[in-house]
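Take a look at the structures below.
In what comes next, chain A is part of two complexes: it sits with chain B in the first one and with chain C in the second one.
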Partner chain A sequence: MSAIVQNKTAVAGSRTRTRAWSARSLVSSLLLPLIVPALLVLLWWMGSQSEVKGLFIAPPLDVLDRTVSDFLSPHPGDFFLGEVARNDLVPSLWRATLGFWLALVVGVGLGIVLGLRPVLAALFQPLVHLGRSLPTPALIGVFFLLFGTGDWPKVLLIAFGVVWPILFNTIDGVQGIGMARAHVAAVFKIPSRDVLFRIVLPGAAPKIFAGIRVALSLSLIMMVISELQKAKNGLGYLLVYDQRNFDYPGFWTVLVVLAVVGIVLNVIMIQIERRVLAWHRGVTAQHD
Partner chain B sequence: MQLIHEPLSRRNEVALGIVGVLGSALVLEVLIRLDIITGSGLPLPSAVADQAWGLLGDNDFWTQIFYTLREWMLGLLIASVVGVVLGGLMGASRTVFKLFSLTVEILRPLPAIAVGPLLVLLISDGMLPMALTVAIACTWPILFNSMYAAQAVDPVAIQTARTLHVSPLGILAQIRLPAALPFMFTGIRVAASIGLIVAVSAELLFGGGVGIGGYILLASTSASNLDAVYAATLVAGVMGVLVSILFAAADRLLFGWKVGLAQ
Partner chain C sequence: MTEHKTERSAPASLELEGISKVYGTNRAIDDISAKVPAGEVTVIVGPSGAGKTTLLRIISGLDTPTTGRVLFDGSAIKGVPDGLAMVFQDYSRSLFPWMRVEDNVAFPLRRGVEKGERRRRVLEALQAVGLEGKERLYPWQMSGGMQQRVAIARALACQPRLLVMDEPYASVDAQTRAELEDLLLTIQARLNVTVLVVTHDIDESVYLADNIIVMSKAPSTVAEVIQVGLARPRDQIATKEESEFVHVRAHVLRLLRGESDPAMTSAPEESLEVGA
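So, the complex of A and B:
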């Protein structure tokens, strides 16, 4: 944030010629990005008006209307969340969060242990590769059978689906720290606790974050998939339900909400990454 | 105590990997056979391996495998063309980047799998909507890698070429593309693994009984046939591993020259 502010003052402080130029570039950088989305919305609207396929395509304005009425509410008591948001969005996000954190703890923990022990890593490497390549949605039926109905099979399916990129990247990151730093630690007799928290974890952090980012977007997908069967609520359930009842505005609304959730999560992730990995840029970024 | 250890030799790694797979299967087998972990639906490794072996001898199942592979390749091809062209342009030109960056940020988080049923409604049943679902999921890694690749082309090389009166087309063919290709291929490589998972998932969720996913779908309807579900999932997973090994080998073969040059 502060970088942008500094940038702005720098621009304001420069000569008028630059200011005129920057005003034009400001317009272009504000307007240009809006052209394609506007065209897409136009295309969307035209699709909704067409005779054959229009049935399946809800008009953009209807969808916007529906999104606002379903997911927002004027009551502060409900935290400004509409009925659908409270009944479906919140449980969905709750399960996704739980699954994601479970995967994060297991993935980073196990990844560090395996990464620090080359023998263990070699033993389980093929299984990690296999796990990464498994089509997790295929196991949804099995998870219901193993863990009953309710929230747990869904949470565990999400966790199982997203743990692999975190695990894989953590192992990779820890193994990539290299012997040079290990020898330095050994020569200076740095206690293993410090080695773990000051060398291993920070050293692997950029890779771990890359894995977490993949896992985060994957957890949204797994969230939807886990709710397509045997669910009583959730965005995935809503997708199936609306489609069965030919409620296409509702269906499109869910897509819009999913996109919004994804964007919000991505922004949060970028902010966290920027804070945690602030030291990484400039120090080691070029060498990775 | 030393926390960080020397890496193992390649041969030891492979040997340990084989031991790890067999050992884990054996442990799971023993745990289930001795009723130490109980419950319905647990995968007994020997039964699953038996089923998987049976599947690989089954011509019908191979038809499904080839269906999934064709769908996957079609999706990956579409994604590669779109991703490389759009991503390359976004990386090479500020204006194109500004035009599409917001759109990309809005569309990227949409789960392809959720859009799939809509594609079925809009296009038709069959392979195309599933291939397009695969394409949607695969486009993003290719697009981003292509974009960064095009951005990272050495400006000095381009300016040098300009000074030597190389035409813009020549610069594209002789400098921009060769410099960007390895990184673009990394994107395709990442997308290939994702694509196979998405292909099977799409078949499973809205495919109507074709492909490996369709097979799993039919097998899951009867609870007694869970070993078939595990076996087909395992086959799909092994296929994914093979695909990533294949693409890694292709990467080394085609772009091995890039290793020393990478920034």
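So, the complex of A and C:
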């Protein structure tokens, strides 16, 4: 009898402990990451209240209000996008997407060729190093000179800016696949198509994805830079325009939207990577 | 099921004629001539650095000899001969971690084998190595011994006439190694395939072999070819107790140490592994 009672208290005890523990983990997983951003917003608000700087720093709530009215719309016909979103956000993202994909195709394609052919890799190494070392923003004038002032110089500038991490990582990934895998392919007479798409590409994928992650954030940077001059629309253009017209709340909305776009792209990227590289996480987990 | 009884072609024979391999000024293989009879298990054993792996690469057509030639069923090979399949030493690098077990085994069959037949062969091969039901797993979800079974299944699914194995059990524990040795012998007897194994483990060489080709140190030559008369099926305990096993093992060890062999009397007490 007493044993049962004891047992019951033990169970109850462990249950409260579990509850306490889960409450604590809830606090740490949900609240902890919010503390620093909250402090940052507080700092922002304090700045907006200061006498001199407040002229340039719009209060957070005003910025939020303005962001919603500029970038969102109640009309389904506009895909719920506000006027500024349609005129500047969409063209910006369109050029960034185009530039990013161009860089992805060229970077992975060229990277595989150079990774598989050491002679070619050695031949082009100086050129690749040059391209990587040159700060792409410095070339903005060259791109306008060569390709005019429309969308193409901007797209190509973005592509040129972000291709390097993809190219380097692809070369590295392909070279790291190793002779053992090459021997397997040779002994079992794997056709070259299968070697390319089922051995080389998946084998280099972890490195390629590392390059893509860097390229993705770089493409947003290049997107803004490409629109600072000779642009008729885009978020970068909007930044300059709002500054010149002393529209500081508008200026701050662009920063907010850029941050949101960056975070969303990163989340999408993590999801894709989780699916494509599930095997890689499995292998690494096993070796830990 | 019965009408699907797989037709297996006859086991292949292999002949090495005066093989040498020189890298720059480094003579890895001096002169090797030997026969690998059809339908038997032949083991190449040699000290570390004897060019075993080089020889295996030449035999499997991955590398060309400086002089000499390899005859596969009587004709000189150019490249990897048809009917040869291989099990590599390091399963973690020879299997593809991004493919499930079934896709790894089916991978060499993608060319030339129709889908239904491919599926049937994969299941048959996995069954032969005792991995039925594991086809949806990934290699890294399995133990080392099971992964090497997958590698063996992949080779078997090709229905080889010659199965070449490069130190196949060097990266698994002793218990698993014994299991895999027995698995190999069972498969070899059932499928009637020629098997060529390279190892540095003397016990393993004697236990598996019909013939042992003992290599000398580099630049390597054939020190001796030994016929092993041990009865089949072999048993991990009983076979290793037989005086024939003990004598052959001692003989191989002496050859590898470069000692003269007075009378093949007692087994040495020291380590059984050479080099390493």
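Couple of notes before you dig in:
Please note the rule applied: the second predicted complex is superposed on the first by the 266 of 288 C-alpha atoms of A that agree within 3 Å, B and C clash if a C-alpha of one lies under 4 Å from a C-alpha of the other, contacts with A are read in each partner's own complex, and residues count from 1 in each chain.
Note that contacts are C-beta pairs under 8 Å (C-beta built on N, C-alpha and C of every residue); 3 or more make two chains touch, one makes a residue touch a chain.
The structure displayed is predicted, hence computed values, not measured ones.
In the superposition on chain A, contact of A:H280 is made with chain C only, not with chain B.
When the two structures are aligned on the shared chain, A:R181 is found in touch with chain B and with chain C.
In the superposition on chain A, A:I225 contacts chain B only, with no contact to chain C. When both complexes are overlaid on chain A, the residue A:A259 reaches chain B alone and has no touch with chain C. By the touch criterion defined above, A:K189 lies against chain C but remains apart from chain B after alignment on the C-alpha atoms of chain A. In the superposition on chain A, contact of A:R86 is made with neither chain B nor chain C. Of the two partners, chain B and chain C, it is B that touches more residues of chain A.
181, 186, 199, 286 are the residues of chain A that lie in the contact sets of both chain B and chain C, per the superposition on chain A.
Remark: chain A residues 178, 180-181, 183-184, 186-191, 194, 198-199, 202-203, 205, 279-280, 282-283, 286 touch chain C in the complex. Residues 57, 60, 62, 80, 84-86, 88, 90, 93-94, 96-99, 107-108, 110-111, 138, 140-141, 154, 158 of chain C are the ones that touch chain A when the two sit in their complex.
Interface of chain A with chain B (complex): residues 28-29, 32-37, 40, 53, 56-57, 116-119, 122-127, 129-139, 141-142, 145-146, 175, 177, 179, 181-182, 185-186, 192, 195-196, 199-200, 217, 220-221, 224-225, 228, 236, 239, 243, 251, 254-255, 258-259, 261-263, 265-266, 286. The touching residues of chain B, counted against chain A in their complex, run 1-8, 12-13, 16-21, 23-24, 39-43, 95, 98-103, 105-115, 117-118, 121-122, 193, 196-197, 200-201, 204-205, 212-213, 216, 220, 223, 226, 229-230, 232-234, 236-241, 243-244, 263.
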